[in-house]
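Below you will find the structure I want to go over with you.
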Amino acid sequence: MRTGVWLVGARGSVATTSIVGALALRAGLSGPTGCVTELPEVRGPALPAFADLVFGGHDVVATPLAKRAEALATAGVLPARLVAALPEELAEVERELRPAPITGSQADRAAAIGRDLTEFRERHGLARVVVVNVAATEPAPGPHPAHADPDALRAALSGPDEVLPPSSLYAYAAVTAGCPYVDFTPSTGLRLPALTALADTHRVPYAGHDGKTGETLLKSVLAPMFAMRHLAVRSWSGLNLLGGGDGATLADPAANAAKVRSKQRVLGETLGYLPQGDTRIEYVEALGDFKTAWDLVTFAGFLGTGMRLEFTWHGCDSALAAPLVLDLARLTAAAHAAGHTGPLADLAFFFKDPLDSTTGSLADQWTRLCAFARQLHGGGADAERG
Amino acid sequence: MRTGVWLVGARGSVATTSIVGALALRAGLSGPTGCVTELPEVRGPALPAFADLVFGGHDVVATPLAKRAEALATAGVLPARLVAALPEELAEVERELRPAPITGSQADRAAAIGRDLTEFRERHGLARVVVVNVAATEPAPGPHPAHADPDALRAALSGPDEVLPPSSLYAYAAVTAGCPYVDFTPSTGLRLPALTALADTHRVPYAGHDGKTGETLLKSVLAPMFAMRHLAVRSWSGLNLLGGGDGATLADPAANAAKVRSKQRVLGETLGYLPQGDTRIEYVEALGDFKTAWDLVTFAGFLGTGMRLEFTWHGCDSALAAPLVLDLARLTAAAHAAGHTGPLADLAFFFKDPLDSTTGSLADQWTRLCAFARQLHGGGADAERG
Amino acid sequence: MRTGVWLVGARGSVATTSIVGALALRAGLSGPTGCVTELPEVRGPALPAFADLVFGGHDVVATPLAKRAEALATAGVLPARLVAALPEELAEVERELRPAPITGSQADRAAAIGRDLTEFRERHGLARVVVVNVAATEPAPGPHPAHADPDALRAALSGPDEVLPPSSLYAYAAVTAGCPYVDFTPSTGLRLPALTALADTHRVPYAGHDGKTGETLLKSVLAPMFAMRHLAVRSWSGLNLLGGGDGATLADPAANAAKVRSKQRVLGETLGYLPQGDTRIEYVEALGDFKTAWDLVTFAGFLGTGMRLEFTWHGCDSALAAPLVLDLARLTAAAHAAGHTGPLADLAFFFKDPLDSTTGSLADQWTRLCAFARQLHGGGADAERG
Amino acid sequence: MRTGVWLVGARGSVATTSIVGALALRAGLSGPTGCVTELPEVRGPALPAFADLVFGGHDVVATPLAKRAEALATAGVLPARLVAALPEELAEVERELRPAPITGSQADRAAAIGRDLTEFRERHGLARVVVVNVAATEPAPGPHPAHADPDALRAALSGPDEVLPPSSLYAYAAVTAGCPYVDFTPSTGLRLPALTALADTHRVPYAGHDGKTGETLLKSVLAPMFAMRHLAVRSWSGLNLLGGGDGATLADPAANAAKVRSKQRVLGETLGYLPQGDTRIEYVEALGDFKTAWDLVTFAGFLGTGMRLEFTWHGCDSALAAPLVLDLARLTAAAHAAGHTGPLADLAFFFKDPLDSTTGSLADQWTRLCAFARQLHGGGADAERG
């Protein structure tokens, strides 16, 4: 069951790390650390094997993939020996990368994207192609009447307006080509009524938003801890210092706002109230591909006694995100194969701002993910942790 | 359903905070922050109300309870206004405190403890008395042949040897008087075959060991997070700085060893392997009743990329422990009323080193606690969080 | 040599703590912890004794000083026993507090302030009155032609414009009344050419700006450490979370900007370059009178190896600032007595943004302070640390 | 003025980094970050140039230097490009390394070491050879009567006893061969009366002990900060987690004790009292060549208000130590050339546990170092920072 993985932003750090990692796994050069779909509770026959994944993608830049991989090796994100060992495999993926269409109406560009997807699928005889958005975070778009309705949208795309932000144009092209769509970023993607209606019409499943890789991951276990112990969180303040490409993007206040909103949701959902304090994102180029997040939580215990928790998370976003990109491609492909359509709320485990989800607790999301995996595999995962 | 709560170490910080807190709750002077049994998922009709709890206890020291409460108010552990508002209620509890028996054979002392328990129960017409050990941590005792068998134990206690450590002598007296027993410390308590056999004979339930109030609580949500994300924890090192009475006790290397063993267990159980690194406990008198724990976790992500998490927990042990003491008294009383006997493995949520438990994950322990509470309440808690 | 200390913002947390502390020292109820002028290298006969300080001041609010002191005791800033022990002494200071003039032209208000100062001096037969601004931080004012010249300023003050921000109006009133002036805040104060010219005319010394009490104090020893070791600081990022009155004021972006500029200066001066990264200030009401600052410093060592330092400072601003207010009042009074006029650059040790200073290194500022103290005391401090 | 630098422990991480760094500096491939002797206040004509340093040394292991350098590059301590660029230069140094003598009496071994030193000096026509001990930390030796007197020592060395620990045997060989000696470790080295007497007889200068590269460096600026502000430090607790070779050595309790003593000295010297709390060292192999130190300082401000400072230092010991090794070799060579003999107390800036020094304050030590450098350079450094 050969499965296509089409990456929007295919030459970025996350995409490059995903590709190198999958190639290394296929070649037996590395293990599956970080891959949730290789845990006993989740893995199973319904998921396409790493060896069955075929990569392609779009990007607005043209830096060769091998160059990007070498740069990531120098930065300490990828082991240099892996990059050195996979030149032919990387060249093979390079041939499947296409420039992002930039001319013509949005309808023209959507059609070009759709053609790239269809040709990719046919060229490799793929069962399906999952489109994953790992491009830089966009600002939220202004409202547009055509966002509400598929027909209005189709009409508007042929006009001169930039009706859709890029993430949504890719989502539009994906679903109309019958491809499942995953949004790993906080960008709009499929989150417009016209697009979810189209996804339903084309019977494709989709997942999102915004991969949960650092501070929010911690919040999704720490906030439930405070709730389960009936401790009253008074304030939760955070500062995220980022040096990578995403950091530069997020220095733009509009993109920053989208991200910060997405990061705060978990507190309200798991505590039942919003404590004082904010989460900030700041670009510090010297940090490179690593990210440092510091959080201060002040809380009251029995009889009001004040206490505090501080944490510092020093993570490499690409190394945390890439295995989840592979997990999501595998799970979404299996869901498509099993006939699922619409929002995959069972994948909330992977996201900061999950679709249609009612819980922000990582443990609850995990329980749901395991049940979903068992169902995909025909009722029995090959092992279960409890 | 008036229920006795008999505290071993009744004049200590944890006991004093538990008593003042329960009196304040009864008087409507404070809310139930920190009390797990007041969360919608756990509370219900099977639990004795705070107003139905009657306190008594033993201690080796004689400082008046009101003096201890005032000292805790000065130290910032208790609000001074609460202590000032409850002089008569504290005096009432004072009258129920007894000196720890210190003369005669261990059999004599056990008999004296048993009489104190029985008289307490009868004097107040209590449905039952739950004995909770909140005394200072003991070193692990040497082995003794009488630990294996109830009859041998009974015989040996009349001899000149100190056969049992104090926590176990109280446990012996409690179960032979038909009282459920909770060990909130890492001391031996009921963990000897002769004593668990006696508990079975007398059909009493028991719970333990070692209340989970700080660093281990964090480990019980963070270690599962790493496991669920398939991240490889390379090292987990911790330093606990304690200033209170427990700190001074734990400066004794033997007691320290018991505590540290209890704190490491969660990592093995939730990760499936033991990472490098140790947990240390150190006494720093200047920290007073507050405790600072610092942990460094180093871990590998996808393709081996090294990352790290640090946290600092600045907590007040008494304020964290006291509401759990009340929770355990209420739940154990309800379990006894419902006919439960033997180890209450469903209460693992509360302990660092739980009896008969198979999981160290706080979320899994929470699920089990909620199910247990529902069962106690006759199949339906008054609300459920999901 | 009785000396007046006139506090602008006399009912604020810093002023109240300064007054209670000085009264407690005078009464022998507390020691001089935090008072630099009581160290062997600085103390000496030229400084007025604590017992010789007489307090007065202006404020825009009217809450009684005793009430403010009680609130600070409840918040853990002042020991309740001190406040309880000094009711008459506080009432005595209360009688010397005056409402900030709010009607009439700025010239009228300046005249009223000046009368209050003069009457205070005469009423108590004071050798001199040092005016210290501890009021809330102001936004930087817009430019005004009258800021350049004393005569133009005098004329403009009688007009309808708000020519001067409040801190500068107090500075104007102080120097024209012959009073030395200390600005403990980042507000404008005397930093206008017209005002420094007036200070010269009236032959008074002045000091400022912005008491160095937390994160910047640390920077003033850590940045020189990196410089002395020839380590290359790549980034220095900080987040200050404040809950007190000053936090609320600084939530105003304009005031925040003034403060942040003042906090960054030390890095440029001690490193010789500005590393990447910013310092942020954020208001979190739940933190009360305490402040938490977190800083991340990344730096390169030999051959470019990347390393990092993180620190968290959890301080009580009032407790850190108050003894420095007393120090500055004593030193400025002694400087005035010794005939010093103009900016007291030797007091840079106390400030984030010192007047006319060429070094940001705390150690260098300390050397200069000690030399200044020796000179004031007639060439020999009573001891020297070396 | 070609100068020999003879490293005891020449194949260790610190020595290898020092050698690679000096070669890279000589080749213009890297800058002098971390080298104190390249700061304007210290550099000058009296110091041998990097290009004039000739390296040799002893080691108990035989791993080729180039292999050690490659391993350090893989570990992120050295840039791989530097190691790759210097194969011939490394091979040249390799030819100057000698196995540590291990047979015969201690007198025989000392003679062999002395011959190696003398031949090295003559082979390269060196003005002098500075011996620097960078070998693993030793336990403190037991007392021996021969430690008190040169003649007794000479006699005892020919006997069967291990009279001297290795660091002291090298020191003995160095001074009797007329070589200045630097102890960069906490080992005994020259600190025996018999050896300092011999150094005086042979008119050589010496320096030590224990390079100040991490937590103690921070203490030497932070403790003076608390002292200068008259803040009362209540507790200072630290945990050092080390993964490198030194970490494994220090896991030995006896070596650990020597190191910890050396780390505490600075607090007593700069504060004037010893606060509560300890410093611990722990080996965590997974940390590799990096070291993480966490310190918690609690202190009292005005009127006793409790506050706290925490810091985490994440440093690479070799990258911090290596430039100081070069600095010390250059400064000690210049001191020898200028006729200095005995302990070089002016180099306290570089050490945790400096010889004959009266201050633990880094700023004071810096002032003294700068004066010493100016004197070496003939009264005027080429610039001065102030």
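Per-chain numbering from 1; labels A, B, C and D assigned in written order.
To be clear about the criterion, a contact is a pair of C-beta atoms (placed from the backbone, for glycine too) under 8 Å apart; a residue touches a chain by one contact, two chains touch by 3 or more.
Heads up on the chains, UniProt names are A, B, C, D = Myo-inositol-1-phosphate synthase.
Note that the structure is a prediction, hence the values are computed from the model and not measured.
Looking at chain A and chain D, the chains that touch each of them are B, C.
By count of C-beta pairs in contact, A-B exceeds the other of the chain pairs B-D and A-B. The distance from the centre of chain B to the centre of chain D, with each centre set as the mean of the Cα atoms, comes to 50 Å. Inter-chain spacing, taken between the CA centroids of chain A and chain B, is 43 Å. Each of the following residues of chain C touches two or more other chains: 76, 310, 312. Against chain D, in their complex, chain B makes its touches with residues 234-235, 237, 239, 241, 275-278, 280, 282, 284-287, 292, 294, 296, 298, 310, 312. Here chain B touches chain A in the complex through residues 17, 20-21, 24, 30, 32-36, 38-39, 76-79, 82, 217-218, 221-222, 224-225, 228-232, 300-305, 307-316, 319-320, 322-323, 349, 358-359, 361-364, 366, 386, going by the rule given at the top.
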